[in-house]
Amino acid sequence: MSTAEIDSTHPLELDQPRFSVKNPEARYDKQGDLSDAQRVETAMRYFVKDFGAVAATYLESCIHCGMCADACHFYVATEDPKYTPIWKLEPFKQAYKREAGPFAAIYRALNLKKKVTVEQLEAWQALIYDSCTLCGRCTLICPMGIDIASLVGLARHGMNQAGLVPHELWAVAERAQREGSPLGATPKVFKDRCEWLADENQVAIPVDKAQADVVVTMSSIEIMKYPDSIVATAKILNHLGLNWTFRSDGYEATNFGMLSGNSAWQQEASMKLIHATIAAGAKLLILPECGHAYGAMRWQGANIYGKPLPFRVLHISEFLAENTKNGAIKTKPLGKTLTFHDPCQISRRGGAIEAPRDVLNGLGAALIEMKDTKGVNWCCGGGGGVVTIHRADPIRYKAFQIKMKQVDDAGAELLVSSCSNCRQTFDDGQNHFHWDKTMLSLLELVADNLEDK
Amino acid sequence: MNSLTHINIKVINPLPCQSAGLSGNTDAILHEILALLEAFVATGQTGAIDLHSLPLTVADYEVLRTTLGDGEVHAHINVIGKTEVRETLYPGVWWLTYYNMEEDIVADLLEVTTIPEILKSPAEDVREGLACLRDLTGAVTMM
Amino acid sequence: MNESDTLGASLVRSGVSRRSFLKFCTAMASLMALPPGAAYAMADALSRAQRQSVIWLSFQECTGCVESLTRSFDPTLEQMIFEMISLDYQETLQAASGEAAELARVEAMKSSYGKYLLIVDGSIPTKDGGVYSTVAGVSNYDRLIEMAKGAAAIVAVGTCSSYGGIPHANPNPTGAVSVSDIIKDKPVMNVPGCPPIPSVIAGTLAYFVTYGKLPELDHIGRPKVFYADTIHDRCYRRPFYDQGKFAKTFDDEGARNGWCLYELGCKGPTTYNACATIKWNGGVSYPIESGHGCLGCSEPNFWDNGSFYRPLSTPLASNTHIIAAGTLGGIAAGVVAAGLSRKHQTHIGEEK
Amino acid sequence: MSTPTNRVIVDPITRIEGHLRIEAETDADGRIIRASSAGTMVRGIELILRGRDPRDAWAFTQRICGVCTLVHGIASVRAVEDALKYDIPANAQLIRNLMIGAQFVHDHVMHFYHLHALDWVDVVSALKADPKATSALAQSISGYAKSSPGYFSDVQKKLKGFVEGGQLGIFANGYWGNPGYKLPPEANLMAVAHYFDALAWQRNVAQLHAIFGGKNPHPNFVVGGVPCAISIHPEGQGASSGTTSLNVEGLQKVQDIIHQMRDFVDQVYVPDTLAIAGFYKDWFKLGEGIGNFMSYGDFPEKGMSDASSFLIPSGVILNRDLSIIHPVDLNAEDQIQEYVAHSWYDYSVGKNKGLHPYVGETNLDYTGPKPPYAQLDVEQSYSWIKSPRWKGHAVEVGPLARVLILYARGHEQTRELVGMTLKKLDLPVTALYSTLGRTAARTLESKIIADAMQTWYDNLIANIKAGDVKTFNEKLWEPSSWPSTAKGVGYTEAPRGALAHWIIIKDGKIDNYQAVVPSTWNAGPRDEEGQEGPYEAALKGTQLHDPKQPLEILRTIHSFDPCIACAVHVTDPEGEELIKVKIR
Amino acid sequence: MDLLQFARGPALTWAATVFMFGITWRLVGILLLKRSPDFSEARNATSWLGAVKLIITRSWPRREFRQRTLFAQSLGYIFHVGLVIILFGFAPHILFFKALTGLGWPNLPSAFIQLTSGITLAALIVVLVRRLSHPVLRLLSNFDDYFSWLVTFTPVATGMLAVAHFGARYETLLAIHLLSVALLLVWFPFGKLMHSALIFISRGTTGALFERKGASI
């Protein structure tokens, strides 16, 4: 089935709390017209391509102690051994040993490691995509220090090339590639939206300024579902009196290319932002409240660009923290207790752990930390594209219960985070469980409480 | 005792046992003697225990010696070194210690019998002695 | 020559009383760990028999085994050769030489054919027709075959005749072998040691004389009664081994305090012999008591167990060059493997 | 086995160590014209040594011989120590002296009574002796305690029972009744009694080796000192400490043994030698040998490096000329050389050349007859023994050589002992160059050494009392501390004569090892110039009374105290084909 | 050549050779694979510090994981510490290392080593039982896990028997022990036992990468 057909047969569902395809029961989890043998062949080739020294070190080091299971929300929620993080890499590991490890020649010659089969790959699709949010909590427990999340990310490349991506995730990614936004936020839609929001909220939202000091980006979730973020961003940047702009040639920071495993698509999406920022002559690129966007641009952007970026890259929370600490942003005291959910890609794996707390501190909010917080905070369960995949819902909801309990136990009045993907997952969970907690955006919270000049 | 001031004390054959404590073998030996003595009284079956083959400490020997004690008979035999034969406090239980010419112990036995074989005059020796005595008295008579 | 003279009669005539003979038998029985009553049976059997004819052949040897026998305290050599056995041929001790000696051997063989005990010390060279050791122009090999025919049993005294010993040590220039390598149709008892403890030689002879057969042997032909335990098991320094107290040199505090010699290469744990119990030279000492580790001399191939000062837990030799070659090979293999993988990856990159 | 060409063959020569064969050619009167001495056994111990740990070498070389059991051990550890410049503590030097000394006294006494005596003593004749007269004889020559008529009567009774029992054992087929036996029955009985006493005595004195070396035969040694630590603790040492055999009791036992040795030598050995010699004075004219003598020297007072402190000095005497003592240098390539012209070896430089032990090579090259054989071809090669030469001279080594050098150097005790002996027997000094001269020298030397042992013991005790209990130098123990190549020579005076081992060490392993031993010097065959070895020269001119009873040959050969296993060795530094055999 | 000579001679030599060959092969084979440069702006320049930090701190679990991993961690610690004590504290083993490297150090009392061996064996048995019964471990385990367990367990067990002279003649026990060590050495580079070397590389890699990002380690 051609890509357009898939999109037309299964158009995106935008009205639900989370984005996905319509009619998910009719699944289309294989893409393209490759034969089984070709799929295996392709998957193997692209697995092999990614086996550098770091990946090899990790794949050689596992001692099968099984501790990673104890860090993973999917395993902890289900107690199903197949959700043990390292087990999700079994075919990948098998491919490594057979094709690229130091003893590969022996493994091949004696057939000690069998070739990976298409059945295996199909079976593992659900493990590589459905049950891994790439949150990397397991990395923190592994006694060998193996970064399992990064390996799952690599494994998705081969799966993607073999056309073995879960239906919804593939569809979203494909649309992002085709339209520039997974959720249909084309430049035109974006510009219209900005114009409308500027009018509605009486706030200046500059788009496509030729020159600006700061280029700001948004995630399509925000554009389509949480447009208040655009307004909040504009309010704050205007409040700071910065020369900033959105760029219609690079505004969308989401990373379904990466999540689905399509490096090419990811590269294209990232380059758009980089070129736009350079075109504007900006010295700062602000990333939106989107976790994977942070990892993709902050830590991979320069590598995709092939050299150091000529501008700084900051997550919006980092930007807020800088300006809160230097006193540029002044807010009214919030006077409420709140708890903060650390988005994995920004906090645990991105290193921006203290930034949101600095911002909250500036807000005068009484922060009540959850029991396991900061770097070891539990994942929302929806990252890494999982929230789009319908068949993952049962385990995702189970995992979300851990999160709910954690938030409830904290006993704060408000729940805040700085990742729209988390926010979407929380909203969906709230809706599913009829929970009384609504996740707030850190950005919006700041914007709403700005002290009038 | 390991002092140089004692260098001129002549020490002959220090006991081979090095450790001082009890090995726990003495009880077993005493029980074995009891069994042998019972058998001897009931059936006349004699028996013996070879102490040399058992790992006994100095203290073990001391215990055995004081427990068994000295009885009425104490004999010395003088052939290729001396042999000591002592009846213990328990008639029928004999302690025999065999020394060689260099006064090392070559065998150390506890025998259960009315009289140890080695004390008896061998029949052939008696006959030969008789012949000798006859020769002697014959010679005397002839003189 | 009075052919029917018994040992008992002979002893009486020599002024040896029956009591002293009984005592001698008691000591032997105790040494052999026989049941105490066995002494009487032994005395009885011996006094009725002629002295056992023994023919002793010396091959590739150093005479240490015979010398050891002369140091025997219980029984003494005199007791043995005058009261227990008739040593009819023994080159080191016998009066006659040359033809007269050869004649003594032939006469003894004839008169006790099928009954004499053959003792052998020294290994037998088999290379090049046995030219490496001859007596009276006859190779050791031929002499052994000849003398084994009429023997009731053969006792290989010393490690050389038991297992080949030092002539057999690598590279074994003369093709030396043991008695049991050659003689397959007669009972052969090995009494190894370099040399063996004299009481052990004497004790095993006494057993044969008493019972007319060899005692129970272990899997390599040694009498179990003397070779059942390791030196280590019976060593007076064993408690220090258990405590982990070891002499590090021959003259440190541990050495002076009689600590375990394991680290100095003692082979006591793998050596089966009675040194630690019977001890040497009338019980005054044994190698470990005198500060040197056991060489393991009652074990086959003990000469080829690496240095005597190499502890048992270490490799026999430091083949560092082989290991180093392995390491370099490993590096090379690693480079090749990584190179192949990289090539594989680049190839895929180009395909794309 | 006499051949038409009047050849007397004695094989085996018994009452020696090892396998020796003598082939003597006689004239019609039974006088020996030419004798050939052949060693008939080889093991290849030096070849076995190659590639091994030099610290292990002593154990291997010690097994060259179980009779002179420790001398090769000593020579070997000294060779390694010489190569490594490895000093040993003073106590170790004293203990080694005591052990070598004990070996001398023990070995000489055993040789005299158990190996040599039956050449002079007719055992059967002793049955005819009167115990009372024997007792009187014994008491007239010595104050030895066991000299009562009852004692000799017991011995005689024992012997009688034994002989009448019909099983003669080791005495079977002896040359009893041969007119060569000259002793009266009483002297024979006394000697037989002492034969038994010496057996008991040697058992006891061998314990000295067991205390220091753990056992005898083959006591243990160690490069860098002695293995047995001195176990003398301060008062009140804890119960957890153990001991070695060298504790207070052990040291006391050593003292007892030295007393026993000296007593036996003074009261039995010396008197018996003189008494028996008195009946065989003609043997002070026979068996003269070659008149060249050599000693390497031994028993250092201050260590091997100071030869002036040796009890027995080194030197060579040529042609009986006691006025010149030539110095010996074991490292000089032109002094000590081995020849193989009549030995079953081959040299790459030609069979007639001589080689110094450092460059020595030996390829086994058997060219003798295929066994069984009746006769060797003594014009060609006929022995496994090589022919060592000092500056081309055949030399005799052993007690006679040592006593002569001591005598020539004016050693007081030696002069006194030799003088007394000659005076008692009414003989000139030249009587020493003979079969019995050799035997008497052995006896006198035993006394000199037994007396010296007391001094060494006293020095050892003095050191210990002064707090010096060091017996081992650990400095160069680890092979990693050694130079990559080293060579050295270790020497000692063995009971049978000058003994030296040459070693070349390479990368911590033995690269080449060569021993030239006393019996090689004495028992070697003729060299390429036809120059006879000492055995061969000593036998020449001997009149045989009865070729079937070659008592005369035995007397002279035994006077050298042969040790044939020692004499035969093999090595090959080139690593070429080691063994070639051509059997004719 | 008897069994002990074989074990102490060719077996150990070749096992050590295979050991070194395999280890270098594997490490070089891994480390020489491609590495891409990282152009992103580092949050912390001292990435090596992160490597050291993770190598050290990952030796015990973070507070948050402690409860869930307490048993497994303790078990691991018991047998690892036990193995270290046995390997480096027992006099004959020290001699082994000294013969190979020339380095020696004081030994621990033998009785303590025996006790430790007992505890270690018990812990290893529990480890095996756990691996066989715990669903996650059972799923993950393959031949390598069981064989590596076996080649670790065997030397300890045979060593204990040898020291106690139990079950056979000492030279046989010692030979079996040495052969089991040889087997361990031969298997070591090819199985998961390599983690004893890889643990530093793996932890160090993550530590360095994460420290650079300021991420949680």
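Read from first to last, the chains carry the letters A, B, C, D and E; within each, the first residue is number 1.
The rule is short, and it goes like this: contacts are C-beta pairs under 8 Å (C-beta built on N, C-alpha and C of every residue); 3 or more make two chains touch, one makes a residue touch a chain.
Given the structure is predicted, the values throughout are model-derived calculations rather than measurements.
Looking at subunit B and subunit E, the chains that touch each of them are C.
Of all chains, the one whose CA centroid is most distant from that of subunit B is A. The chain pair A-C and the chain pair A-E differ in C-beta contact count, and the higher one is A-E. Among the remaining chains, A is positioned farthest from subunit D, on the basis of C-alpha centroids. Look at where the CA atoms of subunit C average out and do the same for subunit E: the two points lie 43 Å apart. One finds 96 Å separating the Cα centroids of subunit A and subunit D. With centres set at the average Cα position, the gap from subunit C to subunit D is 25 Å.
The centroid of the Cα atoms in subunit B and the matching centroid in subunit C are 33 Å apart. Residue positions of subunit B touching 2 or more other chains: 18, 102.
Residue positions of subunit A with contacts to 2 or more other chains are 51, 100-103.
Contacts with at least two other chains are made by residues 25-26, 28-34 of subunit E. The touching residues of subunit C, counted against subunit D in their complex, run 1-3, 5, 7, 9-16, 50-51, 53, 58-68, 70-73, 76-78, 81-82, 85-88, 90-104, 107-108, 125, 127-139, 142, 165-167, 169-174, 176, 194-195, 236-237, 239-240, 247, 249-252, 255-259, 275, 280-282, 284-292, 295, 303, 306-310. Partner subunit C is touched in their complex by these residues of subunit D: 1, 9-19, 21, 40-45, 47-48, 52-53, 55-56, 59-60, 63-67, 69, 89, 110, 114-115, 118, 123, 154, 157-162, 164-175, 196, 199-200, 202-204, 206-207, 209-222, 224-233, 241-246, 250, 253, 364, 366, 368-375, 384, 469-474, 477, 548-550, 554, 565, 570, 578-579, 581, 583. Within the complex, the subunit B residues that touch subunit C are 13, 16, 18, 46-50, 52-53, 77, 79-80, 83, 98, 100, 102, 104, 106-109, 111, 117-118, 122, 124-125, 128. Partner subunit B is touched in their complex by these residues of subunit C: 8, 12, 17-20, 22-24, 26-27, 29-31, 33, 35-37, 40, 73-74, 79, 236, 279, 282-283.
If you check the complex, the residues on subunit E that touch subunit C are 1-2, 4-5, 8-9, 12-14, 16-34, 91-93, 95-96, 98-100, 107-113, 165, 169-171, 174, 178.
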